[in-house]
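Structures follow.
In the two complexes below, chain A is the common chain; its partner is chain B in one and chain C in the other.
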Partner chain A sequence: MSEILVADRLSKHFGGLIAVNKVNFSIMADEVTGIIGPNGSGKTTLFNLISGFFPPTEGRITFFDNEITHIPPYERVIKGIVRTFQLVSVFNSMTVWENLVLSSIRFKEKHVSLRKFFFSSAKDKEIKENCLRALKLVGLQSNAQALTSELSYGSKRMLEIGIALSLNPKLLLLDEPLAGLSDGEISEVIDLLKQIKKNFTLVIIEHKISKIINLVDRLCVMNEGSFICEGNPDDALCNPVVRECYWGKREIS
Partner chain B sequence: MGQDKLFPAQNAELPGAFENITLKENHAVEILAIAVFFLLVTPLLSVHRVTDFMIFCIFAMSFDMLYGYMGRLSFGQMLYLGTGAYGCGLFIKYINGNPLLAIFAGVAFAGLLAMLLGLIIVRTTGACFALINLAFNHIGFFLVLSPLRSITRGEDGFGVSASQIGSLNFGSRPIMYGAVFLSLLLVFYFLRRLTSAPYGIMIRSIKEDETRVRFLGYNTFLYKWLTFALAGTIAGLAGALTALNYNYVNPNAMDVHSNVGVVFACLIGGAGNLYGAILGGVIYMLISNFLAIYIYRWEMFLGFSLLIIVFRFRMGVWGYIQRFWVHKLIPRFTKKEAI
Partner chain C sequence: MHYTIFYGLTIGAILYFISIGLSLTFGTMRVINFAHTITYTIGVYILITFVIFFKWSFPVGAVLAILAIIPIAYVIERFIIRRLYGDSLDYTFIATFAVALIGVDLIKWIWGPAPYPLSDPIGKYLILFDVSLPIYRVLMVISAILLFILLHLFFKMTIVGKIIIAALDDKDGVRCLGINVDKYFSLVFVMGSALAVLGGIFYAPISSIHPYMGLAILLLCFAVVIVGGMGNLKGTFLSAFALGMLMALTARYWPQGAETMVFIAMAVVLIFRPIDI
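Let's turn to the complex of A and B:
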């Protein structure tokens, strides 16, 4: 297994607040990495740094041995780093399949000519089939024509994951994919993640540790902007430092 | 790659329902409908008036690309209309009387200006975008009014008399009508193709959430700039046609206050739809042409109706027609078929 993404002494300061503090971090190919930690421990900030939402204060990030520290987010997506957002972020005013048009013609980038992008109908057979194939994967093909704002929160989450997958990521960052979902929806998402983990490298931020413990190969625990523990999920959870920051001192004693 | 494993069967069966519901746009029918509409209203009004209306509709469509589709409200679209008008007029006055070349010159001037200013303007959003456009419009207005007076004749403006090419005389009303009519249909067709292509989905996505589009791997700046330049170019076409239609150009063509008209037209017609822009353009022109006969300060009426639209009828006239069509008429037809 090789390292596909390496973060070297990565830091982010917001004024006096140090959100991410000199983190050294690497992601292996074809591995599912889980990142857990209390609120405000810097998990999402770390995602934002990797995906290019904002630049780091210091440190550098390399992806497949190319430095990507200062390139804009859209170029990172082209290189293969795709993320989802903590609050579901889909285009509510459009129909479900229209949501997938931009992402599914992106992965076919080299085949879609400019003429097609500007002048052929978005209802073109090829584009439509690509959208539909992605929708089928996340189980939304019967809703293709529906307005996205009419979907349930869980379906929107599935749609967002579908959009991310249709970009054909080399590294997929999922920011709390289970947040705000009902138990039924959670198991749907977990099933989907189990299905896609064979083909994609995933990094998952999650609060519901018990739900993802069977999914992840490696668990990293963050607290106050740095990694306090990383490794095999069971070992990480048994680590006394982790237990202290997660469940407090009293329970341990 | 993961993709191949994920979507293995190229010919996997796809639900047929999707194929049936999605009606492909039939552009020929749409163009015919618009052509018939304008031909029908011509005898009711007058050739000159309808020519004027159609020019305004072209302008409204250019504004709608920016505001309705991309969600960027501009208070300075008149700058490009004025640039088109001055470009066309000055070309005829100083270089060549050929009206077709002059139209091209006007469009090119406006397009180039929009490309240049767009580099700065599209970096902003919201109120800042609206006001920076307004500021540039003011600059343009005072440039033609005063510093460039020796060329533009300042407040007085100058006459534009295009020369005749063969039997094509742009001074004659029916020929001008025909030229504007063709331009309107062409612009409509061009924009309709663009907005129903993936590019249309792109600019609508930018309207809703630009950050999200960046995280889909697109350089949104490029597409915003392109849309801005396109809107400016088409406004320039409207300007060039205005110059030829009135046979003179004065700073009114770049008047900052006229921006209200096009904003109003888009809102009343229904922003984010080319039909809405055309319908709104016609409604606005009807109000400004005919209400002014009966009411001295007709602008007050515009103000009140704008308030009512903004608070009560956000979708505009076309939005309500569309909703009626989708929710009332289509279910009725399909029910009959089912029986």
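Let's turn to the complex of A and C:
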């Protein structure tokens, strides 16, 4: 397996607060990496650094051996780094189908031809197929014409993942995809992730460790901005430092 | 009474033209743009330069004024507003207010502080319900309604329109689609400024042209945007005409209170619907 993304001594400071502290981190192709850690340990900040939403204070990031440290988020998406958010991010005033069309259109801004000016260019066969594929994967076919604001939170989460998939990512970063979902919805999302993990390189931040333990190939544990442990999920969870950080000293003694 | 209603529609149309840009700028970029009406004022001064000084026809002056404002608006967005994205609202308020004040002084420096009169370019009247209505004002109201329909179609049917609607919902979400959303912010800003100038061009012949004309109408437009919902296009349209009508009706019975009434209406909306704002 080859490394597709490498973070080298990556740091992010917010004034005096060190959110991510000289992290060395790599993501292997076709692997599912889980990132866990207590609240405020720097997991989401790390995602924001990888996806370009925050500039790093120091360090560099390479993606397929090209440096991407200073390129804006939208260019990283074009290169294949796609993310979702902790609080679900979908376009509420559009229908489910329009959400997918907008993400499938692969709008190349430098070539705005008249044909691409109208949204009806979404009738292009290629775009339609891409949308249908994503719609089918996330199981929202019956809601295609529904207004997104009317969907349940779980369906919105599925749609957000659908949007991410329709962008054909090389690396998909999922920030707490199970947060705020019911047990039934959690199983649906887990089933979907199991289904897509064959085709994508996934990185998942999650609090519900038990839910993702069977999904991930590698587990990284963050605390106070650093990685305190990484490796096989079972080994990582048995690591005394991790147990202390999660359950306190009494538990391990 | 018919005339009062018609007068209300006229004010509503002007408020609508100017408020769209303000609403979109806040809705997409989260910038309270106090500099919005400075482009409106500059546009009107460019118009009178062509019409009064060069003696060109009104429509030609109007088109040139709108075209001239496009690069000016772009420069303001690119070098001032864009630096304020993501900053707190008070920073954006101070910076854009400074731009407005610099603009006012610049106008005084170039064109002088004295007001200019501009006459109704059509000067004909339409008799409707026994009331004679200036055709110019009728055109103004019709243009506002046409603009509303055109904008509705633009946001519904074009990709650019959909991207802007998506950015009103969630701009980071749009970035995550691989779209350079900042470019669309520039477009929204320039479009909003051009529409404000269009409002100014319509308003100029029925009011007086002076360096502070923009600041005078700015607060009314803020009231329109707050009542209509920031970034809500349909809301802006309805609120512009509702507040325009409120102003006209109040002016009929209590002339001094016309503007005050608008802010009372705004306060009532803020009290009863605080979540959207």
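FYI, the second predicted complex is superposed on the first by the 232 of 253 C-alpha atoms of A that agree within 3 Å, B and C clash if a C-alpha of one lies under 4 Å from a C-alpha of the other, contacts with A are read in each partner's own complex, and residues count from 1 in each chain.
The working rule: a contact is a pair of C-beta atoms (placed from the backbone, for glycine too) under 8 Å apart; a residue touches a chain by one contact, two chains touch by 3 or more.
Source: prediction; values computed, not measured.
Engineer: Count the residues of chain A touched by chain B and by chain C, then name the partner with the higher count.
Structural biologist: B
Engineer: Should A:E98 be classified as contacting the first partner (chain B), the second (chain C), both, or neither?
Structural biologist: both
Engineer: Look at A:K128 in the shared chain and tell me whether it touches chain B only, chain C only, both, or neither; answer first, second, both or neither.
Structural biologist: In the superposed model, A:K128 contacts chain B only, not chain C.
Engineer: Examine A:N168 and indicate which partner it touches, taking first as chain B and second as chain C; both and neither are also allowed.
Structural biologist: Only chain B; A:N168 stays clear of chain C.
Engineer: Taking the superposition on A as described, I'd like to know which of chain B and chain C A:R83 touches: first, second, both or neither.
Structural biologist: In the superposition, A:R83 contacts both chain B and chain C.
Engineer: Counting only touches as set out at the top, which of chain B and chain C does A:Q141 meet: first, second, both, neither?
Structural biologist: A:Q141: touches chain B, not chain C.
Engineer: With the touch criterion stated at the top, can you tell me which chain A residues are shared between the chain B interface and the chain C interface?
Structural biologist: Overlap of chain B and chain C footprints on chain A: residues 51, 72-74, 77-78, 82-83, 85, 89-94, 98, 102-103, 105-107, 112, 116-121, 163, 167.
Engineer: Touching chain B in the complex: which residues of chain A?
Structural biologist: It comes out as residues 51, 72-74, 77-78, 82-83, 85, 89-94, 97-98, 101-103, 105-107, 112, 116-123, 127-130, 132-134, 136-137, 141-142, 144-145, 163, 165, 167-169, 196, 198-200.
Engineer: How about chain B: which of its residues touch chain A in the complex?
Structural biologist: 1-3, 5-7, 12, 14-15, 17-18, 21-22, 24-25, 193-194, 196-202, 204-205, 208-209, 212-220
Engineer: Given the complex with chain C, which residues does chain A contribute to the contact?
Structural biologist: Interface residues on the chain A side: 51, 53, 72-75, 77-78, 82-85, 89-94, 98, 102-103, 105-107, 109, 112, 116-121, 163-164, 167.
Engineer: In the complex formed with chain A, which residues of chain C make contact?
Structural biologist: 156-163, 165-166, 168-170, 172-173, 175-181, 183
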